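Every chain is named by a letter (A, B, C and D) in the order it is written, and numbering of its residues begins at 1.
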Amino acid sequence: MEHRFQPALYHRTFGSHEPVLHLGSGDRLITTTADALGQDATGERVTEPGNPLTGPFYIDGAEPRDTLAVSLERIEPNRDHGFTRSSIASNAVDPDYVPELPERTLVRWDVDTEGRTATLQIPGATPPQIELPLAPMLGCIGVAPDRGQAISTATSGPYGGNMDYRGFVTGVTAYLPVFVPGALLHVGDGHAVQGDGEIVGTGVEISMDVELTVNVISGKPIGWPRGETDEDIFTTGNARPLDQALQHATTEMLRWLLQDYGFDAAGANHLMGQAVRYEVGNVFDPAYTMVCKMPKRHLPPPTRTARPAAGT
Amino acid sequence: MEHRFQPALYHRTFGSHEPVLHLGSGDRLITTTADALGQDATGERVTEPGNPLTGPFYIDGAEPRDTLAVSLERIEPNRDHGFTRSSIASNAVDPDYVPELPERTLVRWDVDTEGRTATLQIPGATPPQIELPLAPMLGCIGVAPDRGQAISTATSGPYGGNMDYRGFVTGVTAYLPVFVPGALLHVGDGHAVQGDGEIVGTGVEISMDVELTVNVISGKPIGWPRGETDEDIFTTGNARPLDQALQHATTEMLRWLLQDYGFDAAGANHLMGQAVRYEVGNVFDPAYTMVCKMPKRHLPPPTRTARPAAGT
Amino acid sequence: MEHRFQPALYHRTFGSHEPVLHLGSGDRLITTTADALGQDATGERVTEPGNPLTGPFYIDGAEPRDTLAVSLERIEPNRDHGFTRSSIASNAVDPDYVPELPERTLVRWDVDTEGRTATLQIPGATPPQIELPLAPMLGCIGVAPDRGQAISTATSGPYGGNMDYRGFVTGVTAYLPVFVPGALLHVGDGHAVQGDGEIVGTGVEISMDVELTVNVISGKPIGWPRGETDEDIFTTGNARPLDQALQHATTEMLRWLLQDYGFDAAGANHLMGQAVRYEVGNVFDPAYTMVCKMPKRHLPPPTRTARPAAGT
Amino acid sequence: MEHRFQPALYHRTFGSHEPVLHLGSGDRLITTTADALGQDATGERVTEPGNPLTGPFYIDGAEPRDTLAVSLERIEPNRDHGFTRSSIASNAVDPDYVPELPERTLVRWDVDTEGRTATLQIPGATPPQIELPLAPMLGCIGVAPDRGQAISTATSGPYGGNMDYRGFVTGVTAYLPVFVPGALLHVGDGHAVQGDGEIVGTGVEISMDVELTVNVISGKPIGWPRGETDEDIFTTGNARPLDQALQHATTEMLRWLLQDYGFDAAGANHLMGQAVRYEVGNVFDPAYTMVCKMPKRHLPPPTRTARPAAGT
């Protein structure tokens, strides 16, 4: 079943808020997200800034210790401009270098969804223009945390959240642990393009058209958000320091190989040792995000998956 | 000028040891390295284990505050097998998961330099065999540190060292800061293939044929080892935690864009924010290694480089 | 005015929950807290385990950017036993040492409030008994966080929370930043005694009699929880890694010396450099706590304080 | 036997340098150290700045895997002034606060060894004078590291080094692991007083009279430097981040309780959980130092010690 939903209110926490819509497992959702500043497709401010989210969506049948699979089918900017901050965050450079960082302001980028570029004019700067290929992604994707918590969209955790990982793009299936009945999916904080680490504290912040399909995988608990593309599977860890985020992501990948790919501990350790890849999600938010990736070409077919087969 | 050098003794520190050979700027060196266990092309133990190094090579004319460019022209296994450890390091998984790691032993991989594969048979394990494409790299590359120090080849620092970054491969030019007259280049610790992070504490440890050309870039100090491929430039930071390694690498990339690519602070911050890539060198050694990468396609031509033009 | 309050329900998040009682600035509160396991003075489980809190108390007149002063006048165990975990947390020892830690169980301590001791019998262990002097403290003290958040009592932040600092004892005035109207004070998680770092994940967990007086300091925002005894002032930082917690606490102390003690930057930096003391709150919870202390004997009288003068 | 030694040359690395003197186990040494700037009792620069060390002293009979006990009998400034830096290090405050730190200069303190004070005049600052009680300590104490290393006196490790812990004072016995024959003891970097963390990057840097007695404890390997006073035993961990330093120190204390105090794992874990104390050595040097302390009043008599009994 397909649902179209136009948000009227937004949340700035991942929490057990009143659901805006119920979706069945297998249903498809067509919606939009405002940008991090609270501006929608019209460019008007429709809500407070600070990563306002669309949702939460109640997924019928999702229960604690289930997994929610969210197939991102279309993550696409729905207007012609976005915004970035102008200076690298003070925590991403050597402490002694901080006084040399430029002033922190907001600048506007032109986003050309036809030409697939994001372009910044910097009059008087060198170079005077930066043009990058579009790579639209969702900075925030997650469910309601456990224990009745409501946690700021500035940060992330086992429930997902503001991971700012440039891998949450069209074509990816995200897997999220379920902590409350209905899971309560929230999405937002789209970026037209973003560098690794989100080191200026923003991607090219923009409102998005979002199309996704949800599936409940019953009785299969996971520890951290996971993801899958045609080429790779990946796990995320959200914590500080980056070392701890990496520990979470690595441990979650080990568990995945053991649970769903038939590996024993020896095989999983050997393969990961020589074939694992890491990617940095963000090193800006209160919790950093590290991603642990494994190419599918090194893996046997999984025993369980909610992802549509590639090419079908 | 081309030099052939066959090592007879090895060092287990990066330090101001007696040079084994003098090279002129622009000279080419053809040599070999023993593996991390002290075994050479014959598979025999020729020196103590623990990342024994070939060198140091005195580069005529290199002075403190110069930069040494080392173009890696051939990094290629010179025997048919290597070794890995069998379990992920306790510091790379969640602390509570440590008791679930398998026993730490050494296993042998078959290395097929014709077929370009490294293969592990694990009788009784699942899967019983792991086969990966060869991707030969140098785990250790560096110069003598400052202040008369001699530092274990287990770790790394501004002088390079045991960075265990899978990007030091054939075709890369490494740039190293010079701290002592002659720079004193050391190389070793070859891996036939290695996962990001070297999370089992080894790649596929193997002896190597090494061919490289050295060039002195006078009067150009750099802060951390850098590198260049046909597609990218990159900087490394070596420290714990990974956050600090990332700070070093990020700061070094900022400096590079400003010094050699004509960027001002505004331009460099904006470009890096939306286009930077990070890669994890190692998260096993006493100092971790983080790599900050920038695709050349986003950069104007540099004002200075020691790298031969691509395709010439 | 003095209020007596006996809790009937408890919260496991610091959040904007319905207030259980209104207090005026200057009012005194006499109440009790359940232990971390949800057991009260009778030793019966009265609520779910996981640091259930008493409150929140609405402080009339407290507004965002005010500071709430909470003078702890009596923190005293109200029963004869408590509980601890039996093994040091895996994150507080070297990763390779984790497999050598003993099994994680709960053990019971006898608490003698007359003799002022906490005593553990460990039949068969060496030594067979551990007896320590009582040093009763509150593990959890805090207010509702900003942005409508509700955050687990497992962790801490700028709003206070589960800091597990053994310095929150009878005689201390705690200062908390106010984020919401009424501040919404929560208290709980008493420990009869606790080592630095709460490295086994518990102190001697016990229900408490709590007596405190609240005062609103208007128009004086602070960044992190602070405290004051007759001898010292202190600031707390709550984050991981411990380095970042220390940065927060150090910065907050600098701000305090500048704001309230008449120091300029030169004076504050010089004094802190040679006279500062650090104490570790906890290294167990998701956010660690570091405390920065300055002896009052090195300070001039403050321009502002809500603490009753010593000896009056 | 008592030796008097006046240094003529100094080293800026802990390493296997030519010994300046041989000492027998049980011998007493009376010597001096230059300050961190290379200035001796006369206030003249006698060697290069950067923590120049006196020694190394070869202890006859000390072999790898022994422990060297160094009883510090007199650590006392031998001139009337010292130096400090004027600003807190950029890594000890919040990254965003760095631009607010004062300029980094060197200032002179008056040191009155009769009146037992260190006093700074800061004309024009508020307050205009800071006076602190003397608390003379050694910033650097250590032996030659393993593997032929020579490591800068800027940092520290298992061999000791520049720990900048204000607990290395008159009356303390330090225990150091021995890595090379003769141990090769180095001392230096005296501070007339120092705050926790050495957060300005210096204590009150001063030349010292040093009197100490060495004892070899054969066949007893330790993992990290330890210490003992009349009231406490303590262990040190040297690493970044502070979390890892704490892990080392905690693990070393566990080992000590098990090896020398007759504890089993259950007893050691329980006691440490409720009675351990941590102190911050430094958070300035490349390796931070965390100290884990246990009051002797909680311990049975040790089975082995090299410390003279208190009061004898």
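Please note the rule applied: a residue touches a chain if its C-beta (ideal position, glycine included) is under 8 Å from a C-beta of that chain, and two chains touch if they have at least 3 such contacts.
Small disclaimer: the values here were computed from a predicted structure and weren't measured.
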Check: Which chain has its C-alpha centroid at the greatest distance from the C-alpha centroid of chain C?
Finding: B
Next item on the list: List the centre-to-centre spacing of chain A and chain B in whole Å, with centres computed as mean CA coordinates.
Entry: 32
Margin query: Roughly how far is chain A from chain C, centre to centre by C-alpha average, rounded to an integer in Å?
Written below: 35
Check: Where the centres are mean C-alpha positions, what is the separation of chain A from chain D, in Å?
Finding: 47
Check: Among the residues of chain B, which ones contact at least 2 other chains?
Finding: 91, 95, 240-241
Margin query: Which category does the touching pattern between chains fall into here: line, ring, star, complete, or other?
Written below: complete
Margin query: List the residues on chain C that touch chain B in their complex, please.
Written below: 89-91, 95-96, 98-99, 241
Notebook entry, point to check: Inside the complex, what are the residues of chain C that reach chain A?
Noted result: 12-13, 15, 50, 147-152, 239-241, 244
Margin query: Give the list of chain C residues in touch with chain D in this complex.
Written below: 84-88, 91-95, 97, 100-102, 107, 118, 120, 122, 125-127, 130, 132, 193-200, 202-204, 240-243, 246-248, 250-251, 254, 262-267, 269-280, 283, 288, 298, 300
